[in-house]
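Read from first to last, the chains carry the letters A, B, C, D, E and F; within each, the first residue is number 1.
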Amino acid sequence: MNAPEPMSSRARAAQDKARVLREALPWITRWRGRTLVVKYGGNAMSAEADAAFAADVALLHAVGVRVVVVHGGGPQISALSERLGLAPAFVAGRRVTDPTTLGAVAMALLGDVSVRLVGLVQGAGAPATGISGTDAHLLRVKPVPEMGLVGDVESVDARLLTTLLDDGIVPIVASLGRSADGQTHNVNADAVAAALAVALGADKLIYLTNVAGLYEQFGTADASLISETTSAQLRTLLDSETLQSGMVPKIAGVVAALDGGVGQAHLLDGRVEHALLLEIFTDEGIGTMVVGQ
Amino acid sequence: MNAPEPMSSRARAAQDKARVLREALPWITRWRGRTLVVKYGGNAMSAEADAAFAADVALLHAVGVRVVVVHGGGPQISALSERLGLAPAFVAGRRVTDPTTLGAVAMALLGDVSVRLVGLVQGAGAPATGISGTDAHLLRVKPVPEMGLVGDVESVDARLLTTLLDDGIVPIVASLGRSADGQTHNVNADAVAAALAVALGADKLIYLTNVAGLYEQFGTADASLISETTSAQLRTLLDSETLQSGMVPKIAGVVAALDGGVGQAHLLDGRVEHALLLEIFTDEGIGTMVVGQ
Amino acid sequence: MNAPEPMSSRARAAQDKARVLREALPWITRWRGRTLVVKYGGNAMSAEADAAFAADVALLHAVGVRVVVVHGGGPQISALSERLGLAPAFVAGRRVTDPTTLGAVAMALLGDVSVRLVGLVQGAGAPATGISGTDAHLLRVKPVPEMGLVGDVESVDARLLTTLLDDGIVPIVASLGRSADGQTHNVNADAVAAALAVALGADKLIYLTNVAGLYEQFGTADASLISETTSAQLRTLLDSETLQSGMVPKIAGVVAALDGGVGQAHLLDGRVEHALLLEIFTDEGIGTMVVGQ
Amino acid sequence: MNAPEPMSSRARAAQDKARVLREALPWITRWRGRTLVVKYGGNAMSAEADAAFAADVALLHAVGVRVVVVHGGGPQISALSERLGLAPAFVAGRRVTDPTTLGAVAMALLGDVSVRLVGLVQGAGAPATGISGTDAHLLRVKPVPEMGLVGDVESVDARLLTTLLDDGIVPIVASLGRSADGQTHNVNADAVAAALAVALGADKLIYLTNVAGLYEQFGTADASLISETTSAQLRTLLDSETLQSGMVPKIAGVVAALDGGVGQAHLLDGRVEHALLLEIFTDEGIGTMVVGQ
Amino acid sequence: MNAPEPMSSRARAAQDKARVLREALPWITRWRGRTLVVKYGGNAMSAEADAAFAADVALLHAVGVRVVVVHGGGPQISALSERLGLAPAFVAGRRVTDPTTLGAVAMALLGDVSVRLVGLVQGAGAPATGISGTDAHLLRVKPVPEMGLVGDVESVDARLLTTLLDDGIVPIVASLGRSADGQTHNVNADAVAAALAVALGADKLIYLTNVAGLYEQFGTADASLISETTSAQLRTLLDSETLQSGMVPKIAGVVAALDGGVGQAHLLDGRVEHALLLEIFTDEGIGTMVVGQ
Amino acid sequence: MNAPEPMSSRARAAQDKARVLREALPWITRWRGRTLVVKYGGNAMSAEADAAFAADVALLHAVGVRVVVVHGGGPQISALSERLGLAPAFVAGRRVTDPTTLGAVAMALLGDVSVRLVGLVQGAGAPATGISGTDAHLLRVKPVPEMGLVGDVESVDARLLTTLLDDGIVPIVASLGRSADGQTHNVNADAVAAALAVALGADKLIYLTNVAGLYEQFGTADASLISETTSAQLRTLLDSETLQSGMVPKIAGVVAALDGGVGQAHLLDGRVEHALLLEIFTDEGIGTMVVGQ
């Protein structure tokens, strides 16, 4: 081989690709057969964001990642309630749920959000199934009677999830559960995601939200994004009671998941296209990563 | 042993039990590992009938029968539509389904009927999961555009069902499907039950309805119930166009199932308590049995 | 559904059947794959009782119970001895067994009783095989030289039994064994049944006898049958030395089985037709049940 | 290495051993997992021959040969009959078997010969089990009513044999069978051995007898032993009706086995110690080998 | 989400990465478990090229591709021959191989090239093993006596390769083989690669060479690289006898592989860093692709 | 059977064979599936000895022994070194190995000895593969820099060996290894054999040498061969520093193997034809057996 000629731009593009692949391939290998739980927030996601998210889920599935999607559906529940003439009531960010409202919650989650997400993921190439915490004893809840038919996660029987994952199907989970007597209850989706991640021994829990990560929260002049922190620091933050109410269940979920043995947790900006893919397969630092401590 | 004493009433009761067991045990053996598809009609079932039905499903599951339940939800859809101010429209017994109505159908089936049936079957002891024909490519439909978002069954991918059955979970299937482009459609539940029975190679398809069987249909003076008939005779009956519109999809489903290789089909009176159990495990003749010809 | 009409007698019979099934199905489920050892006594059983017993064994086998039958053959041995001109001698209820008598014992058990029981069980639908404790190291005995070629059970190698059970064959076991040097010995069949139940980790041991249960034994005015008792009480009874000699090995077998981890033991009246079926699959209280204590 | 010293006698013995091993090892390899059916004749075998035979069976078993032993028991049956005062009757070499005689046959085969052979094989190190053609539907026979309860082999269900062989147990088979209605019948043991060899797809069938092989039969001056022949020649011999009656079922068995796909058949002199071992693992020509043609 | 801000360069880099991943992931999925045979030419490769090649092999292995490397070693053989004072002789580009030269060939291939390539691949993270066509009956050759101990590939027994691949080990194969009598022969490495690809049912065969592809060969003014062609065109080219001698075995190998059922064949420029990775996982057109026709 | 005739010489030969078989069969059974590591010394073996050794390896393989052969190649290395003009240098019996010499070592072992032994074993009927400690992380060595590229065994990753053995292939292992940085090193073959035996949990380690066993070593007047000794006694012997330098690594290997859990170790005289076969399958006492203590 003689002295190298100056590299053409096409050759340079090829070498760029090779570099990305060499960065990604070890991650792809490491993630095969591992489990990822993603909470996909109902709030303020656009149709484009939904489609890009579904595409990422399908690609992760294609390379062997066991992905579980958990969703709530606040806006959709509110819209249906309004159509049905129900007046929404909230206490500390949680929806007060009388039996009529619970009906609306179940219908919005299972008959609207779930069917649509399943359709998007399937359209992107991965078989998906909408299930609910009320199926196959998946989520046992402890009623919080002062909130109506609202419950806190009590225990998880993850057999249905592993059955579906083993068979190569992506479970799309609606945040409902049953109390010991079989009654359906409304449950916070952030808490559900954390509980499933623990029950599955997931390698990572990701909250896809509509904020860039964990910096606006501290309410200080220092607006720089926190790219990595620990569960210990988050526990302090929770105790400080300075968090926005919407962030509380996410931060609590992160702490619970890490305490329960999940490897890592992330708060990612769902508005960045393919945030999921970049987080899993590249060294890009997006959002805030939390490790247990 | 001396001359036998006259049998006490307690001894007689014991011998009666032994006789039922000796009648049932061979059937129980024969049904282990076999597949049964039951269409449970939304119409005119009482809360008691629902509970008895769920108990039967759980017992069949307990002795190893692979049970699939298919449900529609006509009354529940109509009730929700009314609350939402939608005016129902029917053509030849099928609901004209514009996009708004489809939303109501999905919500009523998945957020109401399915959650309730799953709860009843689980309460009776068997793990159950509500799924929909829109999940995991289960039901591909061919649109019938003149009816709106209504489709006819085009093909079945039963993998999700076998995954759940293999794992000991009872699938409770809502009668929705997707067209080739992923759009959700409304499908007739009787037709869905027949298509799933064929795809699963089921041993039996049962329609649980609120009539005693196949006798009122012939509109003649001879009111006796037909306890057994053939698919050939039913084809003739279908061609005669003398059937009530509600019976047409059931009779068509029976014929399609038998033509597709299902062993037997039954029209059972769901108002008889434990009709399912009696049909499967005893020699009692309930309703109308149809064999292929 | 309108006001219920008065139930026809046919409908009432159907509901009776449904009730028996609902009572039996959970038991059937629970017994699948479990192990039952039955000692079937040679004494005073009629041809009818033999046939009903064989039918019950075949039905239990059909629903997945792993049944092992152990038999002696006192009357048959005595009859053959007489034909051969041998004078039977007993000490404390046990047959003194010189080599010639042992030949008669082996021939009566294996060439007569075993072949007949195998034939009856096979005629009722279950494949069966006659084996002996002398086969495949099944029963190692410790000689009791003062009784001739009589031995006490020393240890069990149950591999042959599990091989047959795993392959769906009912073992019919004759009560012979071998000493360490390979010599065949006569063993008490009640003791054999208890030892096999322990070695197999059986869920239940049943002695089918020609008495109703455990009440005549106490020799008091109180003639009521004891429907349930404990191994502790039976140990006391054994120590009291008030038992009929024929009951001693049965009571000792019950105690040994329960001490060895068998779940339950029963003394059943073999003269009640299908006593076995009623005991296993219904709530009927027949005979005396003993639990460990 | 210097010029080789003259070989010591010890070195020569070692080289002899090496030579035998090099001759035997390929045969041992070839026979692992293959099936051998041996008919061991009741006639005129000594206690020493029995012990050497049992040792050979155990060694074959130890190196992975699947050995099935079939036995009759003519002398033992006759002895028992005499003790019971029964007058033996034969037609064309077959025992006329009334019900009383059948009882004696079953008792002699199962209670005497089988128990003893099992003991010898077990003493030599291989687990063995005595079974009968009446067990587990092993032998279905077609009655030959003019002979009493005598039957010809009609069909074989070899499942019990393969179960035992798969589990490493040597079956010792008594030559009884059942007719379609379950009645026990007496069957010729030579015919049983041939039928089992065919049903098992055996690689070899061996008749161990008390003659050197196939030469005395031809009744000519040429007394040399036939070391190899074909089924075609034996068919001619059978048609010639010049055979001793005792040899007829053996020759017929050889022909039936070869016609049924068994690889080879042998008539071996059971009086040669370890004849079985030499035939299987060396190039020694013992007895008469027959190949199919 | 408000009006999008102008994208930062960091965000743009992230989206570039996402684009490469979305291009690559389907290929990665498709290649899992598939088989790739690469002939790595001994000629004129630099130490850098060797290292990049080894890194690519290890990455392909990491994502589940079954990679087999075949190598020759012309320069290394020549160097050793020179040290040993052997005069190389070539006929039509093939080395005349007398026994002394064969020793040098085996030593250079197995003791030098193989050990070094194994080391590089292992250093890059994948376990590798150097084997030779003389091992485990891998390559049977037909001698070409006029060339000395040179052979043409006669047949392949690929069991050793599949054993190693199944166990996750990369085989590095030296181009030697054995004739029917066990004699080692020298074989052309291009032909070996093609034969192994056929025997393994490989999905792709790649020749990594020191030319850009198939354009210099045609000796015309039109110097543009042929990016895709067919085996039919190559057959014509072979017949034209206008090829450089070094290209003949490669072109013949491509044709033989495609005729033998290999999906695709490629001539790649080994001087392009990570050519292997770019060819397998991107849409970059590098070198010349050939499909069967 | 009449009085026995005097035994013919042919009959006597047959009984001799039976006796050898009865002696060998239990050993053959015991060795199936067990692991044997044989170090075959390069020194002073003749072509005849090589062929007999290969035949023994193939026979052991045929009856299911898992055989691993380890070889050095002192004479072949010296011969190649000489041809290349390299001056061999030894320190305490170990070859000082500069990079050029290491090249000669690798080429002699892999390109000469290994190819020839593989050919002999395959010619005798067993598939074999030449591998090296440098393959698949088999041998990790700790450099001994004062000797050049010489290493001591540090650890073994036996996966490649078990893969090959499980697939029925005989590994022929050359005594090379890699240091942590991947550099190839020369290792003593006696030490390699001991390390592999330990890593494989071998049942026996055999050193085939050109001495009769362990008697010349003690340097005393008592020249009788030691047929059995213990590792404790050998440790004393090692400490005494009276051993010939060539015996030190063998004795050290025996001690290391026994300390590492290998069942037995042997020093055998490779000049006795079929020494391997006689040692494994007969009671012949050849060479010196050592047991752990």
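As a convention for this text, contacts are C-beta pairs under 8 Å (C-beta built on N, C-alpha and C of every residue); 3 or more make two chains touch, one makes a residue touch a chain.
Everything quoted here is computed from the prediction, not taken from an experiment.
A.B. asks: What chains, if any, are shared contacts of chain B and chain C?
C.D. replies: none
A.B. asks: According to the touch definition, list the chains common to the neighbour sets of chain C and chain E.
C.D. replies: Touching chain C as well as chain E, we find no chain at all.
A.B. asks: Measuring between mean CA coordinates, which chain is farthest from chain C?
C.D. replies: The chain lying farthest from chain C is E.
A.B. asks: Would you indicate which option in E-F, D-F or A-B repeats the interface seen between B-C, with over half of the contact pairs matching by residue number?
C.D. replies: Duplicate interface of B-C: D-F.
A.B. asks: On a C-alpha centroid basis, what's the spacing between chain C and chain D, in Å?
C.D. replies: Their C-alpha centroids are separated by 37 Å.
A.B. asks: Roughly how far is chain A from chain E, going centre to centre by Cα mean, in whole Å?
C.D. replies: About 45 Å separates the centre of chain A from that of chain E.
A.B. asks: Need the CA-centroid distance for the pair chain D / chain E, whole Å please.
C.D. replies: 60
A.B. asks: Touching at least two other chains at once: which residues of chain F meet that condition?
C.D. replies: Within chain F, no residue contacts more than one other chain.
A.B. asks: Using the contact definition from the top, classify how the chains connect: line, ring, star, complete or other.
C.D. replies: Per interface graph, the chains form a ring.
A.B. asks: Starting from chain C and stepping next to chain D, give every chain of the ring in the order they occur.
C.D. replies: C, D, F, E, A, B
A.B. asks: In their shared complex, at which residues does chain D touch chain C?
C.D. replies: Residues 80, 83-84, 103, 106-112, 114-115, 118-119, 122-123, 127-132, 134-137, 159-160, 163-164, 167, 169, 176, 178, 182-184 of chain D touch chain C in their complex.
A.B. asks: Which residues of chain F touch chain D in their complex?
C.D. replies: Residues 1, 11, 14-18, 20-26, 28-29, 32, 44, 46, 55, 59, 62-64, 210, 271-274, 277-278, 281-282, 284, 286 of chain F touch chain D in their complex.
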